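The structure under discussion appears below in the form of structure tokens.
Note that the chains are named A, B, C and D in the order they appear, and that numbering of residues resets to 1 at the start of each chain.
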Amino acid sequence: MAKSKFEYVRDFETDDSCLPNCWIVVRLDGRNFHRFSEQHEFKKPNDDRALHLMTKCAQTVMQELEDIAIAYGQSDEYSFVFKKKSRWFKRRASKFMTHVVSQFASSYVFYWKDYFKDQQLLYPPGFDGRIVLYPSNQNLKDYLSWRQADCHINNLYNTVFWMLVQRSGLTPVQAQDRLRGTLAGDKNEILFSEFNINYNNEPLMYRKGTVLIWQKINEVMTKKIKLPEETEEKEVEVTRTRTKVVPLHCDIIGDQFWEEYPEILAEDSCYL
Amino acid sequence: MAKSKFEYVRDFETDDSCLPNCWIVVRLDGRNFHRFSEQHEFKKPNDDRALHLMTKCAQTVMQELEDIAIAYGQSDEYSFVFKKKSRWFKRRASKFMTHVVSQFASSYVFYWKDYFKDQQLLYPPGFDGRIVLYPSNQNLKDYLSWRQADCHINNLYNTVFWMLVQRSGLTPVQAQDRLRGTLAGDKNEILFSEFNINYNNEPLMYRKGTVLIWQKINEVMTKKIKLPEETEEKEVEVTRTRTKVVPLHCDIIGDQFWEEYPEILAEDSCYL
Amino acid sequence: MAKSKFEYVRDFETDDSCLPNCWIVVRLDGRNFHRFSEQHEFKKPNDDRALHLMTKCAQTVMQELEDIAIAYGQSDEYSFVFKKKSRWFKRRASKFMTHVVSQFASSYVFYWKDYFKDQQLLYPPGFDGRIVLYPSNQNLKDYLSWRQADCHINNLYNTVFWMLVQRSGLTPVQAQDRLRGTLAGDKNEILFSEFNINYNNEPLMYRKGTVLIWQKINEVMTKKIKLPEETEEKEVEVTRTRTKVVPLHCDIIGDQFWEEYPEILAEDSCYL
Amino acid sequence: MAKSKFEYVRDFETDDSCLPNCWIVVRLDGRNFHRFSEQHEFKKPNDDRALHLMTKCAQTVMQELEDIAIAYGQSDEYSFVFKKKSRWFKRRASKFMTHVVSQFASSYVFYWKDYFKDQQLLYPPGFDGRIVLYPSNQNLKDYLSWRQADCHINNLYNTVFWMLVQRSGLTPVQAQDRLRGTLAGDKNEILFSEFNINYNNEPLMYRKGTVLIWQKINEVMTKKIKLPEETEEKEVEVTRTRTKVVPLHCDIIGDQFWEEYPEILAEDSCYL
């Protein structure tokens, strides 16, 4: 039962390492989440439990894996951006994709009950992932802008759609017909005139999605210590600095965000 | 906030579809499972709970995804073989890999308590995956033989190693030293002479790993029906045929297995 | 001027080796050969000089490079089939493509005058190439059949088209209009009734294209030798066996060709 | 003989388009040019005829193909840099590689006699090519610096080596032994003290290689015209601006070159 005569099959594996000096984005999407959200009675158009669980999973991914500079999520998708300079697993695309989605998927089930309480998880959900490379910082910013613009467009639509269904009693098909061909201004107008809703006052998390970045946190802790020359313990305050994954719900399309957090795109230890 | 000016970033996605008319294998491995198994007190050298949970997850993968003809697992790894003819997701490699590992990972947490009972799951585990293509049936059989030969070699080693540690009281380093340079025959001899163990009587699941195949099952059910001309319900037996994922613990290196289950490699609706 | 600080740029090269155990086909096409053929006054619909030059170049490619089992050419294209088992240049796709097209292109200019005599070559022509993998013998045979069927369809069309232009005096647009929507039978009928041409009697090279295969050739040579015990030289006949690239103009869609030359697909020293 | 039943073989072609917004470099090398240069009696260490022919071929490639911003050549190699923004042939790697090497190879034979006069070309030479992507301008400049540093190192070595062989009568093996372990300073010293050669006075083309760039040329031509109100033709001078491929033999490692020709890296019509 020698392994050696079969070892040749390893030669069929291909090298899938990513081009150096490019941002590596892994985007994950829920599989059949339309059905999943109905079966688990997600609140429409936005379910806070589901959004917070997604973000918890994304935080776990950022903490467990290496070299993720920023993540952005909305609805049932999350994008993870690995640093240009990352050498994690020799930049092998399959490693990046499978570690992200498997860690996310196991976390989703693991943390489910912390967010959904009595709502039982009926079956283990699936996620798919893809990988895309972006050579320049501008390309990367445009990618993230594309996802945030998508969030805005979908959320505005869904907000009006579900108002029409939930409050005006339209059927989904009627609501769809009503909205066909409307522009953003029209949708804002319907929300305001018919439901007295100013879209701009809707929660930022719904309108902007969630950005996850690393931040240095100063923690002040009280510690009991005994100095050598003293006989009694004494309480002192100790400040400890840690990095933590922090969620933000802000605009990332304009320049302000990137000027405020220049370290995200900084290539301190990059090739160049 | 028009999406269109950012849409160009989609052009950076590459087509990763797999060469047609090849077997597509996705192999999944536990991430840091050495540490994971210690923290969750896996029995050494084989933990039935862990092996059965792996198989439960693999069955879920086969049932939830499409076109998987056969799977093979051992230790903390599982290989899934998609049919040559599969057109699932246009044969895109990223879809195959991420669907397999995410479904497996979420199932691992979901079904954990069914197998580990009181042993709490401490954190969500990760898995990695890779994809390999095999053009011919012989290549595929050799791939599976390679994994089963690997199972045999590792299990024989581990069986002796843990006997030396658990029963003879050697430290891991001493056990390792004792086994350095030994051949299969030597290890069998140690097991027999020192521990009265005939390796060939060890459970098949440990020695051969687990093969998952589809089988037609005839289920006989009792059903109550009322015929039009009668007034009372009547019990009848109904036979229903379903396909089911069945675990086997048998040799797949020799020809016998493939002769017994020719449908696994059959290309009924393939290109050719 | 140390090279070392720049050497990192080598890491940007990617591994493009072809999947093992597949046929590797490189197909080459003339670049802008419509214009090229007009400027060099190619005879329409077929120019023997041009076709023979193409074949001479393809023979050179087969002799200079390694592991080409068979080649097929028609019009301004040629396909080269490398053996499944080839390990030439570690099966790197770029090596296969560039060696084929550069050897072909330099040969085209080098041998031009042998075929075109007084017709001067006006400028150096370009060629493009692509690479495709075929896992099974049937896939490969179907690829070659595809090219030969293409040859037939184009040649039948061109034969009628140029008869209508050259003999009936139609303009190209008129000839095109006349042929729009016609089937093979219609075209055969036009050739026969209007030009007294039986298409099946047209030269095989035009209708079937050119197949290049390796054949063992027995060469009988006269050699002068002097045996040790004799004083005079003596003429003897010596038979030497060499392999040579031989052009055929035959059907390769049916089984007969493959039965006659089984060694082309034979995998004598293949993986399996 | 329907083509359709074979058309499925087209699905086996893969999309090999290059990542957008990256510089695309195709580097070409002579195949077996050691042998080729001996058989065609190239002057050692540098043959002006051969170097000029290489440059003529590279100019032809730049003029015939599209979007090449700069090329750099030395010895029997040439690198061609396609613009980041190029959309030529949908950025398909195979198209870039095969067009470059085939155009180069056919030009090599076509222009041979213009440079080698009575020295007959004995057989058609081969070239290989590879493709590499560089995401940033700095990466690209480092690539070109790598090649020019390589030119310097090789040319210094070859200059001393051939002096030792040609003037001091050493055998190649003796010359090699003499140079083993020597640094650049040692080689300069040998050249100066033994052969009275100041390496820095050696021709720039040998020491720096050849850079090809596009330049606007103002051509002043004399033209005969007849103005409407006049009866006689009159000679006038007309200035016409054309772009031309111009060879330079200068340093491209330092900043000066890039500051002098900023348009080479300019992304006027790029994505961003």
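Simple rule for what comes next: a contact is a pair of C-beta atoms (placed from the backbone, for glycine too) under 8 Å apart; a residue touches a chain by one contact, two chains touch by 3 or more.
Here the structure is a predicted model, which means the values were calculated and not measured.
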item: Comparison of B-C and A-C (more C-beta pairs in contact); value: B-C
item: Of all other chains, the one whose Cα centre sits farthest from chain A; value: C
item: Geometric centre distance via CA averages, chain C-chain A, whole Å; value: 54
item: Inter-chain centre distance, chain A versus chain B - centres from mean C-alpha coordinates, in Å; value: 30
item: Whole-Å gap between the CA centroids of chain B and chain C; value: 47
item: Touching two or more other chains - residues of chain D; value: 8, 12, 14, 19-21, 133-134, 139, 271
item: Category of the chain touch graph - line, ring, star, complete, other; value: complete
item: Of chain C, residues touching chain A in the complex; value: 8, 11-12, 14-15, 17, 19-21, 271
item: Residue numbers on chain B that touch chain C, as the complex places them; value: 19-22, 133-136, 138-139, 271-272
item: Of chain C, residues touching chain D in the complex; value: 1-3, 6-10, 12-14, 28, 31, 60, 64, 93-95, 97-99, 101-111, 121, 123-134, 139, 142-143, 145-146, 149-150, 152-153, 253
